[in-house]
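Take a look at the structures listed below.
Next, two complexes with subunit A in common: one pairs it with subunit B, the other with subunit C.
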Partner chain A sequence: MPLLTQQIQDEDDQYSLVASLDNVRNLSTILKAIHFREHATCFATKNGIKVTVENAKCVQANAFIQAGIFQEFKVQEESVTFRINLTVLLDCLSIFGSSPMPGTLTALRMCYQGYGYPLMLFLEEGGVVTVCKINTQEPEETLDFDFCSTNVINKIILQSEGLREAFSELDMTSEVLQITMSPDKPYFRLSTFGNAGSSHLDYPKDSDLMEAFHCNQTQVNRYKISLLKPSTKALVLSCKVSIRTDNRGFLSLQYMIRNEDGQICFVEYYCCPDEEVPESES
Partner chain B sequence: MRFRAKIVDGACLNHFTRISNMIAKLAKTCTLRISPDKLNFILCDKLANGGVSMWCELEQENFFNEFQMEGVSAENNEIYLELTSENLSRALKTAQNARALKIKLTNKHFPCLTVSVELLSMSSSSRIVTHDIPIKVIPRKLWKDLQEPVVPDPDVSIYLPVLKTMKSVVEKMKNISNHLVIEANLDGELNLKIETELVCVTTHFKDLGNPPLASESTHQDRNVEHMAEVHIDIRKLLQFLAGQQVNPTKALCKDVGRSWSADCDTHDQLARDMAEEAAQNIPGDQERCLQAACCLSFGGELSVSTDKSWGLHLCSCSPPGGGLWVGKALGKEAWPP
Partner chain C sequence: VVAMLKCVMSGSQVKVFGKAVQALSRISDELWLDPSKKGLALRCVNSSRSAYGCVLFSPVFFQHYQWSALVKMSENELDTTLNLKCKLGMKIKRTHNICFQESQPLQVIFDKNVCTNTLMIQPRLLADAIVLFTSSQEEVTLAVTPLNFCLKSSNEESMDLSNAVYSEMFVGSDEFDFFQIGMDTEITFCFKELKGILTFSEATHAPISIYFDFPGKPLALSIDDMLVEANFILATLADESSRASSPQSLCLSQKRKRSDLIKKKAGKNITGQALECISRKAAPRRLYPKETLTNISALENCGSPAMKRANGDVSEVSENSVSNTEEVPGSLCLRKFSCMFFGAVSSDQQEHFNHPFDSLARASDSEEDMNNVCRKKFNGSDAKYFCII
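And now, the complex of A and B:
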């Protein structure tokens, strides 16, 4: 082995996580999709990195960046976990600007030595190098929503464009977003109850936007609109979205996001229902 | 006290508008100094507070087709005015594609700088838009505070990287920290550093090149890799960078033998021509400016010189044909703050 490679090898051995990426935007865009709180917890295994953000113990967003997205990806331990300030991480990742000049890519090398050590980022664009040392924090326990595919009652896969407008124009004076999923009419309905009155948006079952429709039972659930609104960030980036509810009324939104190199990544939102829907209104 | 001036040439008008825009971005109020052969825009924030100061010089004959002035007295043939910089830039907004621009000193109940713009119209009669900008005449006893700053010999002077990259990096750093450390050496290396409890970020630029130093001898025994550093307020630096009219090309002039020649790092023919022309036109007095600023750069390119006792000086020179010299000093912050 040539001496230089040997040296790099030795250096790499001291890190429990090493990941390199030719285009940093493949990572930063996905992370932006879950950036609705300051802090995030990162879990790395040999399969890739999962970044989790939570709010109010009611909503959780997970971004999955699988190992294949990276040009180099090494995890020395079974799993590596740390908590990090996501705002700072994103500022560092986009230090050379979030909309790069055409033809220039920012390359990234990310290293983490282990518990108590900072996360090191080496970014390079056009011969200019930025080194970031972000202090990591004690990982916090994340929520387990116990959302199991066997308990899923209703499932709809939509092309994201169908939901994009609806979500960006949600009546924010309404406290809740009510989602109705049913094998019969109205099939899939989004309702808000705001100061200016109620609004209902129905999606017919045979719409072109509807990729899959598997509803077994009528379910009407309400979710805090303030908790769901941040998912718009992921929606905007995604091409398809899968909407599922389980027997407890928990909501899962899975967004399929295609990055600049055509690879697919997933971002997932879980949200617990707001309250029991009063009989009279359902 | 009398002053009237007229610009007819479109390019000059454009250049003048750009300068006023730049100044409006830098500060709310500025001082305009009018003397028989020069116009100066002066900003004088107190350096002790880490403020931005600026000395911008326009050779009147490079801009104006007519220029008449009469100062306060024969021996002090100058006028100093204070004006709101945005008012001027707003008044000049209408001057795009104008046929002519007239500026004069008037007294309409209160002292004004009257900017009248002659616009083209479809019919033969032209339209004239007039702006009266209220001003304050600065009395003689305060002139001494508004003299050309002395730029001391720098420890290090270096060309800045592509402005867009630099701006983007500094902008992101501003989100994280209020203070920035700039380091540079005579080997063409420049580092931007921030350090907080959460994160340390360092951006390394290399191969930037150093302008020829004015006093070569004092630096001969210096280690070229030695980093000179200065601590500054990020917002002030950003304010300064934002004021620059971004020009993505880079052109350097190098001292070859006894004459100046152009060495362009650009494929843009226009920039190349400008550089060639600039190199030929550098007269003796221009050299004084350049030496004082310790940089020769134009077309939006900047130079930083760092000096321990004075803080950071950022200077940019536009093509000498344009007759503009902007030198800015950002005061050094007391460190730790």
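And now, the complex of A and C:
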């Protein structure tokens, strides 16, 4: 898109963030994986963009789009932060249609002038250019889950297909999803306790789906199912998932997502455990 | 006292089993699991008692089938758990513990073999035809002559102008495996149960048989396979023009826990009560809202111990009731689905095999079953279905 590039070339310096992408779906797909709330906070550094969505001060999803995914990526300041309506952003990114048309790619150029300015999107497909200006908002402070790999007690890496059916069929009449991770039987168990009864799903550590199994200590934690259910969006896009719990019972789900160009991106969900410890009363 | 059940199925068996549960779930949210030495029966009846389904899986259907009748349990323990374990590919193990309630299954007293019209067809043929109907279709009309089979949108619904599509589908008699029409008949029944049993019969690859008589008399959809036997009994719409045709003939009764129910009511002379219910047919009819009475309460409500004909027979009851329907004034016959008689599910059914009314419901413990046969009527302009319990 030489015309478009030329037009904007001179203005480039005034932007604190400029990013362009030959295939907009490499961005929109990842953002869809964390789209469970209306608003998101974006952080851009020279390494790339991190988009964060939170709910109920208990769950946080981060999408990492590293600089290498973009064909052009410039950040003038050390870091650029703004809050944006994610629904609107996704609508704009898929303005030429959300399902891929064979042989046609939508290109994107994204510019942000700085605090108080809108995010500008130039989308081009087949010579047609759409310009979108999305108002940005005051960035909100995001939660620090202080999830540190040195405190991780148990860690499992599974092929995502093993969890996909389990998550799409979760008994939503259950308030919690109970996750058991243990060096001994049942190794890795997902349990729900709904109106019709309870369900348990056991993954033995020698399962073909199990890529890595590092469990040091039996941990049984419950997480609000309503908070975890949205992570299904990331799960269906991913090829592998890493499930980790730390010494406080905090849960980290890392999804490895391969985009249309074969590049790897990560989406991460953090969730804090339900305070009520199972079987504490007995 | 409950039955203990343990059965093991392979993947392909689970598929058939699942389709059966799916088909039954179109009738009701609740399902009876009724194991016996004849196999595992799944039964369902809808809340208005106008549709009933039963699928019996013979013991050889399963990889492993183990059943025992008597496992002691405390009487008050209502919720026990049903444990379903599935081992999926890639070694994932699924365990579902499903709450259940102890209750007594019902079955319909209806002999499909005396129906004047009998058809047998490959499910695929009917399924292909059925996709033509819109998803909003609630009832379909089946019109048959000795030469022709026609499934169409119900007349009632087609009169509604908001319903834009009216479909008719003809199948030639040569398409059927068996085609026997005693008289020209046009019956209307609910569509969704038909769809359910069709998907199920496609899974079993067994032909589906349709048994029916005249409008108002129930229709039976059956699959008779070596391993699986299914019967879905659907009420049909009673025809306003031919009200003389006696509509009622599906009846329900309830399997009792002999041990406690009989004991509890020993002093009340249950047999007497039941007979009273039967004899009341001739008395002025009562209006019962369809959902108010459960079988047991109905039983208790009807009757004084005055009547004593303890050796009466269930078949007598259904015959009586049929003859009786002619007394119903014509105005009340508009838009109603026929009723069903339900009978107790019994464990020793063999002794009643020759009974004319026993094909589906075999009343075993005549003493108990007599109690369960009583009639309720529900007439009203907005009532499409009514039932006899």
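One rule holds in what follows: the second predicted complex is superposed on the first by the 267 of 282 C-alpha atoms of A that agree within 3 Å, B and C clash if a C-alpha of one lies under 4 Å from a C-alpha of the other, contacts with A are read in each partner's own complex, and residues count from 1 in each chain.
Just so it is clear, a contact is a pair of C-beta atoms (placed from the backbone, for glycine too) under 8 Å apart; a residue touches a chain by one contact, two chains touch by 3 or more.
Just so it is clear, the structure is predicted and the values come from calculations on it, not from any experiment.
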| item | value |
| --- | --- |
| Partner chain in contact with A:202 - subunit B first, subunit C second, else both or neither | second |
| First, second, both or neither for A:142, with subunit B first and subunit C second | neither |
| First, second, both or neither for A:232, with subunit B first and subunit C second | neither |
| Which partner, subunit B or subunit C, touches more subunit A residues | B |
| Touching partner for A:97 - first (subunit B), second (subunit C), both, neither | first |
| Contact footprint of subunit C on subunit A as seen in their complex | 162, 166, 195-204, 206-209 |
| Subunit B to subunit A touching residues, read off their complex | 161, 164-165, 168-169, 172-173, 175-176, 197-207 |
| Residue numbers on subunit C that touch subunit A, as the complex places them | 81-82, 90-99 |
| For the subunit A and subunit B complex, residues of the former touching the latter | 85, 87-88, 91-92, 94-97, 101, 118, 125-135 |
